[in-house]
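In structure tokens below, several structures.
Two complexes come next, and they have one chain in common, chain A, joined by chain B in the first and chain C in the second.
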Partner chain A sequence: MSKNILLYSAILIFGLVAPFVFPAFKVQLSILCVLIVLATTWNIQGGEMGYNTFGNILFYGLGMYLCASVQVGMFFPLAEWTESGGEKTFVHTPAQFFQGMAVGLVVAAVVPTIVAGLIGYAILGLRGHYFAICTLGLGVAAGEISGGIEIIGAGQGFTTPPFPEVGGLEARGEFFYFLSFGALILTFVAVRAIYSTRFRLILNAIRDNEDKAEAMGIETMKYKIIGWMVSAFFCGLAGGIMGGLVGYIDSTDVAFDGREMGVFMVLMAILGGKGTLWGPVIGATVFHIFKEGFWTFFLGWQYVALGVLIVVIVIYFPEGIMGWLREKYPEKFGEVIDEKDRKAQVELK
Partner chain B sequence: MITVQACLDGLLLGILFALIAYGMALQWGVMNIINIAQGDLVILGGYIAYFMYLYGIHPAWGVIVSPIIMYFIGVGIYKLVINKVVDRDLFISILATFGISILFMQLMNFAFGADVVLANSGYGTTMLFDNNVTLPNSKIFSAVISIVFAIGLVIYMKKSKLGRAIRATAQNSRAAKILGVDTEKVYAATFGINAALCGVAGALISITFTIHPYMGLPYTIRSFMIVIVAGLGNLPGVAMSGMGLGVFEEFADYILGTEFRIGAVFLLLVLILVYRRFKLSRKREYLK
Partner chain C sequence: MKISKIILSFISAVAILLSTSVTSFAKVVGDKIVLGAAISLTGKYSSNGVHTQNGYNMAVDRINSMGGVKVGGKTYKFEIIYYDDESNPKRAAQLAERLISQDGVEFMLGPYSSGLTKAIAPVTEKYGVPMVEANGASRSLFTKGYKYLFAVLAPANLYLDVAIDLAVEKNNGKPVTVAMAFEQDAFSQDVRLGVLDAIKRTGSKKVIDDKLPKELNDMAATLVKVKQMKPDVLVVSGHTKGALTAIRQIAEMKVDVPMLAMTHCDAAKLSKQHGKNSQYALCASQWHKTLTYKDNFFKDGMKYAADFEKEFGYDPPYQSAESSAALLVFKDAFERANSFDQKKVRDALAATNMQTFYGNIKFAEGGQNVDKPMVLFQVMCDGSGKCENKVVAPTKWASAKLIHPIPKWSER
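Moving on to the complex of A and B:
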């Protein structure tokens, strides 16, 4: 236990001082926080519950649009804002900006949760690949439809309010860093708390055998919907933050970007190890370092690299880093090993 | 008149969708794999015909050349990737083919550019009903060719030795293996035939409509939708639901506007799945 406290406080201290120690990497670190949030929430669905979804991008994009729309719409007419595009006729005062952001983030988290509840009731009755393809369809449909709606910028995109001029040049990066770091802490603490209750066992039961779980008297539908609502909440929050961070929202390239973010969150969770608390965190970190480190070498070829990466990870490394560690050092994961038996098995190979 | 126009366009388009969906049903039934890269194979087949057109050969020959090339590409994909995911969790195969899809999309973008292209067949158009309904001859050509290929494939599956082996593997791969069918070879051939069908469809699409490197995913979704509506191994059903989808799409195009066309297709998929789920859940069953 004391080891855990040390680890957590080390991470917390690192997170708090990181923007001042590595000021050049502030944006990267903020994106990393968002990626970890997305991977962790995907893991609730895909890893713990066994419902592999491509559709969490729906909540992410919804959160992004909602946060920006609320932030603008609270003070100025939204239609005129999007119509004016890059040339701003309205300027947020600092107080307006922060109020708008706060309300926007709340809306960005709450509305996707409700949407998840409603959609979840309809589609969580599907299983396996039907669910996967259905959520894929939802994500793409959302992108296509939002690309046709005028008031949120349609095809030409939506510029989010620029950061007000307070606190010097570094203020914007620090604000968004601490916002996303806060979201990360919130997500991690919440998910960790959830995983230590009976709820996780129920989700695992659904993953392992849903019919049996139902026969044991678990209302699987209820728990599936709650599980999806939890992921939607944090996905929406992450989307809202990311919208402000990027500063520009496009329907298919930024918000409902199934080809990038939608696959990234699946890939990160699988890379780290599905169905573990730390797996997505590690996976997201490794993936982000890899992406930022090598993307520049593959300039223009990054999607080719991404495609190859997906195929390689999925085929040769489906258990992920945590799964590999578990195979290698089972004692560390609380599994009791009979040494004699283990050696005998090794000899057999 | 717009109604007649939309219906005719939709029906002719739907026959093409049915051809792609037939390929998907074939490999889904035999290998139990959902190939997200299906649409990208279609587009790749289209680019083969387009290149023949660029080099001065009439693109209609693409209908013969493209499936031959695509067959080998399909077998290659099988040997490299698919044979490692055949017996595993379905999500693994979905994700792996999703990776292939992204890879193909981007490679095609590099190789052929991000422009919308079409191969001009120069077949002209037919006017019907006092010039109120225009019907490009290329669409009629593509529908006829699709039907010829579909019927040819059905006969091949019924009569030939390989066709019998494929059907046996689809029924029970273990039993087929015991009785001396080389299932590995059958899988490779199935995936190759699927890719070849995509090649035919792609060549026809490049003649009748347009192709673009990123247009693959909607074709995958359409064929998936057609297969789940019709059921595996139900060819008349596939043809019917393909044409139904074509008509739906044309009407969505007219009523909602072109920008919502793809969105309408994807939403229809969600609606169909939700409808089936509620219908089945009354009997406490689910889609398998």
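Moving on to the complex of A and C:
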């Protein structure tokens, strides 16, 4: 237990001092936090529940648009803000900016949760590939639809409110870093708490054999929906933060970015090891480091390099980093191997 | 739990990695002025991204070989750090941040496309980094009150409204019917707003107003409607892909329309690669090599085009020309500011009033160039099937007469 406390406090301290020790990396670190949130929440479906979803990007994009819309709409007419020909310039005062952001983030988290409940009720009856393909469609459809809605900028995109003139040059980066770090902590603590209850076992039961789970009297539908709502809550929150951080929302390239973020979140969870608490965290970190490295050193070829990485992962680490570690050092995971028994088995063969 | 040990060592590894990779270097290193640019080398804008990069490189080489930039009695040379933004605004914003805070860049060149410029501008603005951009034309860039953004090009709403005026003029001043198809992106939608304004102004009527998807490969549905409605003008805008798709399918489906107005014809190399299929297409352009603007570095458009062709093997589209012009503007501003102080350079940029081979450059309050009109050229072919872009409007620059209406496919 003491080691656990040591670990968590080390992470917390690292997180708190990181923006000051590595000021140049604030944005990358903020994005890392968002990536971890996305991977961790994807893992609830993909890893624990065995439902491979590509639809979580829907909640992320929804959160992004909602947060920005609320932040603007609370103080100014939204339509005039997004209309590109508008000659008027709106400027948020610091108080307006932060108030808007706070309310925006709440909306960005709550509304996708409700949406997840509704959509989940409709489509969580699908299983396997059918569910995966259906959710894939959700993300694509959301991107196309939002690209046609004038009030949120349609194809023009949506410029989120610029950061107000407070603090120094570094204020914006620090604000968004701590926001995303906060979201990360919140997500991790919540997911960890959830995983320590019976809920995780139910999700695992659904993954391992849904019909049996149902036969045992578990209302699988209810738990699947709740699981998805939990994911949606944090995805929406992450989206809201990311919108402010990027500063410009485009329907298919930034918000409902299934091609990148939507795939990355799956990849990160698999890389780290799905079905584990730490897997997505480690996966996201490793992935982000590799990605940034490739972008620096293989200019123009980064996706080729990334593709090679994915192939290597799939071939050599099919169970992810955590799975690989577990196989290699089972004793570190609290698994005891009875040498005698093992030898006896080997001899039998 | 033993795995905590593994994770702990992992975290420390990350920390060490981060601390060793801080390689900040200043904007002016020795005798170099380092500029930063995020360019679309991959993704949907990759062809125009390369046009932009070639334009930048061409000007850097030229300025450096002709004496460089003189500031405070010392001569400096330009150097550019490039990153690939993958045609993705999220990536572009990240890279701007990276160029400024990690690479220590204090002056930026713009990316390709309005959407990406929109994503980068808030970042450069926040850090007070002057950015001269050559490929972000969306009007909304210039109404946000940005102080460090300067665009050498005319805003997007001016691209094709001239075409509507021209159509009305050819129709003896009577209103025309207009069919429109625009890609769902910041630039094309702005072109659309400009066309809408022109339609309103001339009392014309829009009969089709279609939105095209971003990964644009098919616009047959729109063209079927055009065949039915028989509008006087068909306006299409969707970067290079839009121009290519339109020309390919109009020829395939033999769509007859009296006037076809587009953007990005030269970037798509229509006249070279599609020859007679692209004949009579009317194209909005920021620049054309036959314009008679002059400067000391590239002399004039014809010389620029020849040098560019020698270097890169193709006729320069306006995207390259305007990108080269951005460097000339920077050079001029540095020398007038006689300093590398960002504020002073910014003020010098705001006071820019010069002529380059690409056109006159003078910035309005919002940062857009107000001293350079758009031109329209038409793809014209001779008997042997060799096609060329000829400027037809405005009359001051025209080297050929507009062919109107476009002959029917059955008569070609």
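We take it that the second predicted complex is superposed on the first by the 322 of 349 C-alpha atoms of A that agree within 3 Å, B and C clash if a C-alpha of one lies under 4 Å from a C-alpha of the other, contacts with A are read in each partner's own complex, and residues count from 1 in each chain.
Here, a residue touches a chain if its C-beta (ideal position, glycine included) is under 8 Å from a C-beta of that chain, and two chains touch if they have at least 3 such contacts.
Keep in mind that what you see is a predicted model, and the values were worked out from it rather than measured.
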item: Partner chain(s) touched by A:I289 [first = chain B, second = chain C, both, neither]; value: second
item: First (chain B), second (chain C), both or neither touched by A:T159; value: second
item: Which superposed partner A:Y303 touches (first chain B, second chain C, both, neither); value: both
item: Which superposed partner A:G217 touches (first chain B, second chain C, both, neither); value: neither
item: Broader residue contact with chain A after superposition on the shared chain, chain B or chain C; value: C
item: First, second, both or neither for A:V246, with chain B first and chain C second; value: second
item: Touching partner for A:I133 - first (chain B), second (chain C), both, neither; value: first
item: Which of chain B and chain C A:K26 touches, first, second, both or neither; value: second
item: Chain C-contacting residues of chain A that also contact chain B; value: 144, 147-148, 155, 300, 303
item: In the complex, chain B residues that touch chain A; value: 34, 81, 84-85, 88-92, 94-96, 98-107, 110, 217, 221, 224, 228, 257, 259-260, 262-263, 266-267, 269-270, 273-274, 277-278, 281, 286-288
item: In the complex with chain A, residue positions of chain C that touch it; value: 1-8, 10-11, 14-15, 17-19, 22, 24, 41-42, 82-84, 87-90, 93-94, 97-98, 101-102, 115, 118-119, 122-123, 125-127, 138-140, 143-145, 157, 182-186, 188-190, 193, 211, 213-214
item: Chain A residues within the chain B interface of the complex; value: 52, 122-123, 125-130, 132-134, 136-138, 140-141, 144-145, 147-148, 155, 259, 263, 266, 270, 300-301, 303-304, 306-311, 314-315, 318
item: For the chain A and chain C complex, residues of the former touching the latter; value: 3-4, 6-7, 10-11, 14, 18, 21-28, 31, 84-89, 91, 144, 147-148, 154-157, 159, 162-163, 169, 172-173, 242, 245-248, 250-254, 257, 260, 278, 282, 285, 289, 295, 299-300, 302-303, 322, 325, 329, 331-334
